[in-house]
Structures are given as structure tokens and as C-alpha cells.
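Shared between the two complexes below is subunit A, which pairs with subunit B and subunit C, respectively.
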Partner chain A sequence: MTVSSAPEVAFGVLPRADGSARYSHAGYTVLASVNGPIEAQRRDEHAYEAHVDVIVRPAAGVGGTRERHLEAILQSSLSQLILIKNFPRCLIQIVLQVESSPENDYVNTKLVQASLNFALMPTLMQTAILALLSAGVPMRATATATAIAVSHDKTVVDPSPRDVETARSVHVLAFTSQDDLLLAESEGDFTVKEWDDIYEAAKKICCRPAPDGASMQLDDDDSSPAAVGPDLRQFLRSTMESKVAADLHWK
Partner chain B sequence: MPREHEPSLNEKQFVTQALQENLRLDGRELDQYRPLELTFGDQHGVAEVTLGKTKVLARATAELTVPYPDRPLDGIFTISTELSPMTAPSFEVNRPTETEVLLSRLLEKTVRRSGALDTESLCLVAGKQCWSVRVDVHVLSHDGNLTDAACVAVVAALRHFRRPDASIAQGVLTVYTPAEREPVPLSWLHSPYCVTWSFFGDEGATALLDATWLEEQVRAGSCTFSMNQHGEICQIAKLGGVPVDAVALLQCASVSLTRVKEISDLVDRRLAEDLKRRDKGGFMAELRAENDR
Partner chain C sequence: MSAPTPPTVSLSAPIFAKLTPHPFLLRTLRPSEPGAKPLRTNGRTPAETRPLRANPSSLSHAHGSALVRAGDTTVVCGVRGELLPVDRIPQFRPLPPRSATAAAATGDDGPQTIPDAAAAAGGAAIGRGELKDYDLLVPNIELATGSAPQFLPGVPPTTLAQTLSTRVCSLLHSTRMVDVEDLRVWYKPGGAGGGDSSGDGDVTMTTEGAHDAEGQEEEPERVVAYWVLYIDLLFVSFDGNPFDAAWAAVVAALRDTQLPAARWDPDREILVCSPADKRRLNIRGLPVACSAAVFLEKELSESGADAAEGRHWLLMDPDRSEETLCREVVTVVVDCSDGETRIKSIEKHGGTVIGRELMRGFVGVAEKRWREVKEVLKA
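Here is the complex of A and B:
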């Protein structure tokens, strides 16, 4: 059940979209397409900035309140990153299609889940960022996101559905590439002290400085080795570097 | 949302004129499919079909519900098709277009009404509990011939799918989680596949298979044959378009059968490969008592 696979990404999966990316991490696979800037509908048109439209589609069943909530959170965070003032009266459309999510083998899942699945958020965020980069939409910064679950004795990074179920609280944090906090959503019972610890742990995962050997040893003051996730910023950087290298191969 | 751009007059003329000379823009034969590829996800019941640039993802799921009061002995089986803006920005969320309605209708007729899935086997307690099997078809990219690709995806997803095992002892229904008992496959009766013909010119003089999006926009009419590998026709849909000679249609039907056999072979092969990939050590591994720690 603990699918702690390394993040993987494929760019340009969809031939007809402006940009697309398929990203899989911690058992979740999300496919994103980005179209934009395109003509906005009258009701979405804004005289001074572009409208960012985020659509989250579940793998099975129809989208409900849960997806609308995720969309709202993602939309407000991504609007901060995209240079929307550059494209007045336009629309930047981001469609996130969840392809697979890890299953909990110990319960029979219902199709319509009442609670918001916070564990999915970082994957959605990351896929959206990668697809935006693939579409060449100008952005202020990139972002990295992570989910952390706190159960009675330990913190789990990239929790599995079983971890989420048994956890006391689940947190999603995202940081921009300038080390600023972009998004902080929490669910469940927790203290301020706990949140501070979560913040530090998440910052360590999302904003790890470029590897120079010394920083790798500092992580062991954390409660468990599981609290150290993959180096997301380095991943984002290296995949984009290889993509650019491949794209400019003809030069 | 921006409207989908239509091919220009020159483009249309070029395509039709080339087809009169039996030439297609991508150099294929008239009755040749684009390379069809089928892959399965890590989970059961996830199938992705790639047909040229057309990509369709189908996902099958099952949940327990109460059967319909007028059909107490039948389970519920639904196919839901929704074209998202991922397909093209001209599609809006929650506003079905004609393409979407026609696609879901054709899939319903082909898979559901032909009795490919034994719905009676989905019933657990008559009138009280049954499985509701649902297939979600996600069109990721549309480059023509959506029907054929979606049909392969739906059939493959359903055949790949495993539902939780259940048993009834002394009137008590127990549904086992995947950790307790290995999920079981659905009772599948036959595999119907769609083959869509596009007609060009007056009286549908030119008929071709697996039209691309450009060809679909130019065509004068189309006809979809749904049949299984034994040549049993499930449905024929010819919705409007130019009238086509009956003899030509019969010929189309016989060519469709060979294509259906090819598709059917591919799906069987991929399913067998996937089964082999998942099979970890076979029967002896299952008998082992130790856990993977």
C-alpha cells in the first residue's frame, strides 16, 4: 500500500493541447492539459488580467463539491504564480484529469467520497505547474508542494490513503521557488507547535537548496526518516533542464 | 470558449479530391487503421487506448447499491462519457455537445444493450443489494474516430476490471476487501467492437476506415458497425448523411468483421500480457503463508 515511488513526468502527452504533462508521484497519476492564453467567455472576461480556469476531473464518477473546492484552492494559488496581468481579457485553462490514485486495501471504497482528499493536492499542483511550463505560460515563479499527515506518534510525508484515514491531521503546503509560502491547507486537530514543525518539515522538502553534500545530513533531527521526501525542487529543475535540452537539440 | 476551427474551403477540396484518387493525407490505405495501442494501469479496470493521435482512457469501478425496483434481479451497469476541455477548449464542462451524446449512445447500444456484461450476475440479494458497475470514458485527445477507440477502451477496461468478492452465508452478505480476498473478474459474455466507416462523394462512392478529425469534418456520411469476433452484429448506426448503396454497406460489414477480429486479437493479447505481468510466481506464491514485510 505504501507506494513511495519517485516522481515521474512526461511532457507533451496530448498532441492538441498547448501544453500537457503527465505526472505520477506517491501512487497518484494526474494528466494535465493547458490551453492559453485563449479567448475568454464574456462572463469570465476581466479587463485587466487573464482568468485562470482550473478544472479537476476525478478518475471515476462525476466531479462534485470536493473537486470544486480543490479547483478553488488551486485557482487562487496558480493565479498568484501566472503573470495574469500580461494577458488581459484572456483565459488560461488548466484541466487536471486524475488517472489513478492509490487504493486502500483494507476498506471497500465508495465512489463518492465525502471528505476532501488532501493527499491528492500536491500531485495536482505539481502537474499543473509542469503543464504550465510545458505550455510556455509566463510565470513569476514555480512551486513545489507536499502533503504531510500527523498521526499520534509520527509524521508521514506523502501519506497513503490508510495513513490519511488514521491520521489526526493532514496538511498541504506549497512553496514558491523564492521560498515563500504559497499555500497552507490543514484538516483535523493539531496544535500551533505541531503546525510549526510541519511547516519546517515541508519547507525542508520543498525548498531544499541545491545539493552540496553538507545539507543532506541535517535532516536526521526529525522524528523519523520517513519525514524526508524526495527533493522536489531539484526534480522540477532537472526535468525542465532535460526537456529544454531535448527541445533545443536541433540547434 | 473559442469555437473549434473548421477546415478551409481549400483544405476541404484538397482532402476530397485526394480521396477521389484513393489517396489519404497520411498515406494510409482506405481500409487501414492507424496503429492501435492498448495499455493498462497499475490498478484493475484502467485502460488507455491510443489510436494515432486519439487517446481515450476508460476506468471501471463498482459499488454496492440497491437495484432498480422494476428490475430486482439485475445489477446496474452504466457507461458515462464526458468530453472535457482537455479534448478541445470548445467543449464546456457540464454542457454535453452532440458528439458526446452520440458517442455515449453508441457505446450504450454496443456494450450494454448487446448484453456483453451479464447484469444478472451483479445481483447479490434480489431487490436489496447489487453491484453498480460504472465505466467512465475520458477522452484525452480527439483526432477522429472516437467511437472505435472508446469502444475498445470500455471493453478492455471492463475485462480487466476486478470487483470485490462477496459471499452470502445464512442471509448475511459479506463483501471482502482486497486485503481479505482476491477481487474477482466480471462475468463477461462477448466482446463487441465498433468499426466506423466514413463515406465521401455522392452516393458514398468512397468508403474509408478510421477517419482522422480532418476527414471527419469533410465526410458526407458515416456508418458504425458493432459486432463481435464471431460476426454477430450488435448494431448498425447510420445517422443521416448521404444515402449509401446497400451492396456497398454489405461489403463494409464483411470488411468490418476482419477488422473486429484484428482488434479482438490485440485486446486478448494485451490482457494476457498484463495477466502474466501481474502473476507473481503463480499458484505456489499464493499458497505461501509468509507476508511481504
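Here is the complex of A and C:
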């Protein structure tokens, strides 16, 4: 069974957090809350910059080493995006709770798994960005992320757990809104050439140039977007536009 | 009257380095004298790695061990096997008999067979599921107190230690280095002398036994236990770039590992090991990790998009002081043992400097590193 739902997001689902977002894509649903800038604990305090604290909670059980690794990756990536120098001695806390992940009969779903969950990483990243936007934390850029699995001869965008299990190599790439490569995690068995192709494919998904208003319909018809995956940057932009429009409706 | 000269404060290099590490490293990388080579504070050129030294079989009580040193980063790895009887495994799925598996490695439709991977790696495709499902490889990393000043005594495992062990575990599974056939303990009821545990290179006696059993068509051969490999790593001294050293130690220790032959004794209903009869694991390939950190001329500015402005240096095999100054890190694991360069893993995060071109170039650097490490580990 393939879960290839379009991305969906709801903002402000947690009333007491500074910002929150619930995002679901490719079978995963993640709820994120952002609080910050708030006072940092003494041990986390940095004299010149804000401390970004990322907490990942799995769908079931308590977080293990795998979650710590995800946290470390997200933390270093998000610190690049957030203007941490603007908030010295502060803390920006991002809590990511996985609400649901795609069920699969083939793949053994143990609670504690040590190896990295590649399919989940883009959703976590995307949710964190959306929640940061919702909290109004100043950022240098936004980012979009995608996961790609390469089986024998075909590439699968947003792979299911079964795809990840059978794939020869799995890749997660994230790009900033300035088209720079922010994050690249790959595993499996591949060559430089294959990685180049993956890079191209991921860039197409993450960094598709914004269509001009008039030609938008035409573009969609021409390039059959279903084949290349969702346009994440466009999604980010349009959801934020509609959120801002709704927020300013009273004016 | 001459103008008053501004008061100058001259500091020795170590104090300068301590007070303002970033300008100090920048100064050495961008020497003011023309013709001087850009060096790092540790005297290496940006692309120079620390020589790796490996000392296998350094622990007497482990089944396999290695001590790996890269500069002041020293890590000891010990591999110890423990037998896990299958009746202790929850949700154990019995395997088809070994002869059937060998005969129909690709055509087999067992529940764990993965079609794509089976074509790629033969019968090992089944093994990947077993290794993962039954947790037959258990890496653990400890950063010893006192190996570096930031590791305090009496605290739970740090994020770094947990991250490292996840990365090692993930890579162990994805590279499929360990052949699960080495870890299975088979038992053939009625076979002469019981099932021998060794996967290949069987002694003549066992082969005869297999023929006898085929003629009799008795109970099929079955797996009675698995070896679980506990891979423990201890950082004796920590001076940056822990993953490269840890991974080299894991590879060296696994290549050194000799497990005693184990067999099922049906009369006593226990597993019996014969320490005299040892055999090595079949380790597939030689993946080598190569890391670098990106040092930026300007630290990230407060606002605006000029994050990647200014020069940057790719510092190979960063030491501890360099790691604190660099945000972006890249690790590439390559294996050139088949002649062709296969990338096993890419990890890059924390910055936007390394794009596509730099990554391509870095894979070339990793190939060079692979040859160096190969020489060290072969010795």
C-alpha cells in the first residue's frame, strides 16, 4: 500500500504554545510546538546566541538513541535558519511529537529501533519550519526537505517503510529557500552519479521556482507534477499566504 | 615630537588561541606573509588528516578487538559474542533448511526474502532482516570521563555518545558487513555429530553427515541459536572526529573477530562451544569513513542572507578545538574494495556551504583516505 497523500497543515493547534503546527505528509503526522525566545537554563545559556532545543517524541514509547540522533541533525540544521544571534542567552524550544506513522505489515515495527528513520525526517523538518513560522521566530530562510528511496531501477519519492526496507539506498535532502543544500543524509549503496541524479530530483521537489500567476495553470498541465512529486516550496508559500490572509481578515 | 605609539599587547600563541580561537585559526589559515602555506593551529594543512594507527587483537578476553588511534583520538573496540537460543527470541520465524536456502537463493519465496536485495546480494537479503529484527548487532559507545574536558563524571550518556552509536548501528546494518550465516548455529537432527555451526569451509565429516540426512529424510535442519555481537567502543582519549576513529575501530575489530564453533548437544539440551575450533567472520567490503568540518571566515551574521559570504576552508579530520569552531560537518563513507567507488553513507548538516560540487570533490578525497586506511588495516 502506498500512502501518497498531499501535504496538509493546520496552524495554531496548541493554544498555549507560542506557535504550533500539525503537518501530515506521506502517511506521517507530526505535531510541533515552538516556544521562544524564552529564558534558557544556565547550562544551555550562550552569551552570544540563542540555544535551539529540539525534542523528538516517537509515536509510541519514549525516545531512544535514534531520536537523539534526529534531534542532533534537526538542531544543527534549524540553528542555521533561525537568527540565533538576535537572541543571546535565550532558548528556542521545538517539540515534535509524531502522531501517526504509516502502518505496514511487512516491516517489523519494533518500538526501539536503533537505525535512522529516513522517511520520517522530512516531515519532522517541515513541521518544525511551519511551527517556527507560526511562532514568528525570525529566520534567515525557510527550508524544504524530501526523502527519496532508490530501488533497483526506480526512484520513489516519499517512500513508505516497505520501500525504505527494500531500497538499495535512501536519501534525505533539504534545501533552504536560497536553493542551498542544507541537509544531506544518505545511506545504502550508491555512486556519485546516482547521488547527482538524486540531488537533481530532490532539488526539483524542494526548489521549484515560483510560477508566475498567469502561467501557473499551464505549467501544471505541462509537467505532470504527480510524476516528480509535490512542490513543497509552493505549498509552504501558499499555506503561509492563506494563514496571513486569515489572520488579517479583521482589518 | 613624535606621535605616541599605541600601546601594544603581545600575547603568546596559546593565550591568543584560548582567548579568541576563531581569529587565531583564521590567522594561521590566512598567513599575512606571502608565500607561507596556510596551516591550521595544529600544524596540519587543511586537507591533511592525522595518520591512523590500528592495533588489532589488543584485548585478550574479547572475541575480537582493535585499538585505533588518530592523533590524540584513541578508541578501543571489543567485540564479544553471546549465544541467543531461538526459544528466547519473541516472534521467531524459523528458517528454511540451509540446503534449500543455498539452492534457491533467488527463487526462494520465504517471508523475509526481499526481491530487490536478493538479486543484489544473494541470500544475504534474508540476513538483513534477521540482523535487524533480532538485534544481533549491538553497538555501544562510551566516552570515558577525562578523555576530554567536556565529559563529566556520573552523567547519563551524552547526546554525542547516543548519536555516535546510532550512526554506527545504522551503518552496520546498511553496509551489510556482517554475514548472518556466520551468526547462525544450525542443528541437524540425526546428523553425525550434530550440525556444525560453520557456514562454509565445512569439515569433511559434516558434509558426509548432510548427505546421510538427505537420504533418510528425517527432521529438517534448523537454527537453534544465534550469536549476538556486542560491539563496545570506549574512547580513551577524545580529540575530535570521533566517528571516523570509531568506525575504523569497529571494522578492524570485526575483521579480527573469531567466534568459537558452537553446536547443539541434543542429549544435554544445551549449546556447546569448542574454544579450540575458532573461525573468522566473513566481513564484506571495507567501508571507510572520512569526515571534514567547514570553517567559515565570517561567523553567521545577525541578519540577511549573506551567510555563505566570505571564504571557507574544508578542514579534514578536525580536532576538538576545530570542531567547536565549525558548524557544518560532512561525513562520507566509501568502499572501493570492488574496484569501483561505492558510497555507503553521506551525512552533511549544519550549514549550506557544501553543495553539489564540493560534495563530488569530497568523495574523491574520501577515496584517497580509503587507500590510506586500507594500508593500515591490512597490516
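By our rule, the second predicted complex is superposed on the first by the 233 of 251 C-alpha atoms of A that agree within 3 Å, B and C clash if a C-alpha of one lies under 4 Å from a C-alpha of the other, contacts with A are read in each partner's own complex, and residues count from 1 in each chain.
In this text, a contact is a pair of C-beta atoms (placed from the backbone, for glycine too) under 8 Å apart; a residue touches a chain by one contact, two chains touch by 3 or more.
Model, not experiment: these values are computed from the prediction.
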item: Fit-or-clash call for subunit B and subunit C when the two complexes are aligned on subunit A; value: fit
item: First, second, both or neither for A:Gln126, with subunit B first and subunit C second; value: neither
item: Partner chain(s) touched by A:Asn86 [first = subunit B, second = subunit C, both, neither]; value: second
item: Comparing the two partners subunit B and subunit C, which touches a greater set of residues in subunit A; value: C
item: Contacts of A:Trp195 with subunit B and subunit C, given as first, second, both or neither; value: second
item: Touched partner set for A:Glu103, first subunit B, second subunit C, both or neither; value: first
item: First, second, both or neither for A:Ile38, with subunit B first and subunit C second; value: first
item: Angle, in degrees and to the nearest 10, that opens at subunit A between the C-alpha centres of subunit B and subunit C; value: 100
item: Which superposed partner A:Glu187 touches (first subunit B, second subunit C, both, neither); value: second
item: First (subunit B), second (subunit C), both or neither touched by A:Thr142; value: neither
item: Contacts of A:Ile73 with subunit B and subunit C, given as first, second, both or neither; value: second
item: CA minimum distance (subunit B, subunit C), superposed complexes, angstrom; value: 5
item: Subunit B/subunit C common contact set on subunit A; value: 108, 110
item: Footprint of subunit C on subunit A - complex, ascending; value: 65-66, 68-69, 71-73, 76-77, 79-80, 83-86, 108, 110, 113-116, 138, 140-141, 151-152, 165-168, 171, 176, 178, 180-192, 195-196, 199
item: Residues of subunit A that touch subunit B when the two form their complex; value: 13-17, 29, 31, 33, 35, 38-39, 41, 55, 57, 59-62, 93, 95, 97, 99-100, 103, 105-111
item: In the complex, subunit C residues that touch subunit A; value: 114-117, 119-120, 129, 132-133, 135, 139, 159, 162-163, 165-167, 169-171, 173-175, 300-305, 307-308, 327, 340-352, 354-356, 359-360, 363
item: Subunit A partner contacts - residues on subunit B that touch it in the complex; value: 1-2, 41-43, 46, 53, 55, 57, 59, 61, 63-64, 80, 82, 84-89, 93, 134, 136, 138, 140-143, 164, 175, 177-179
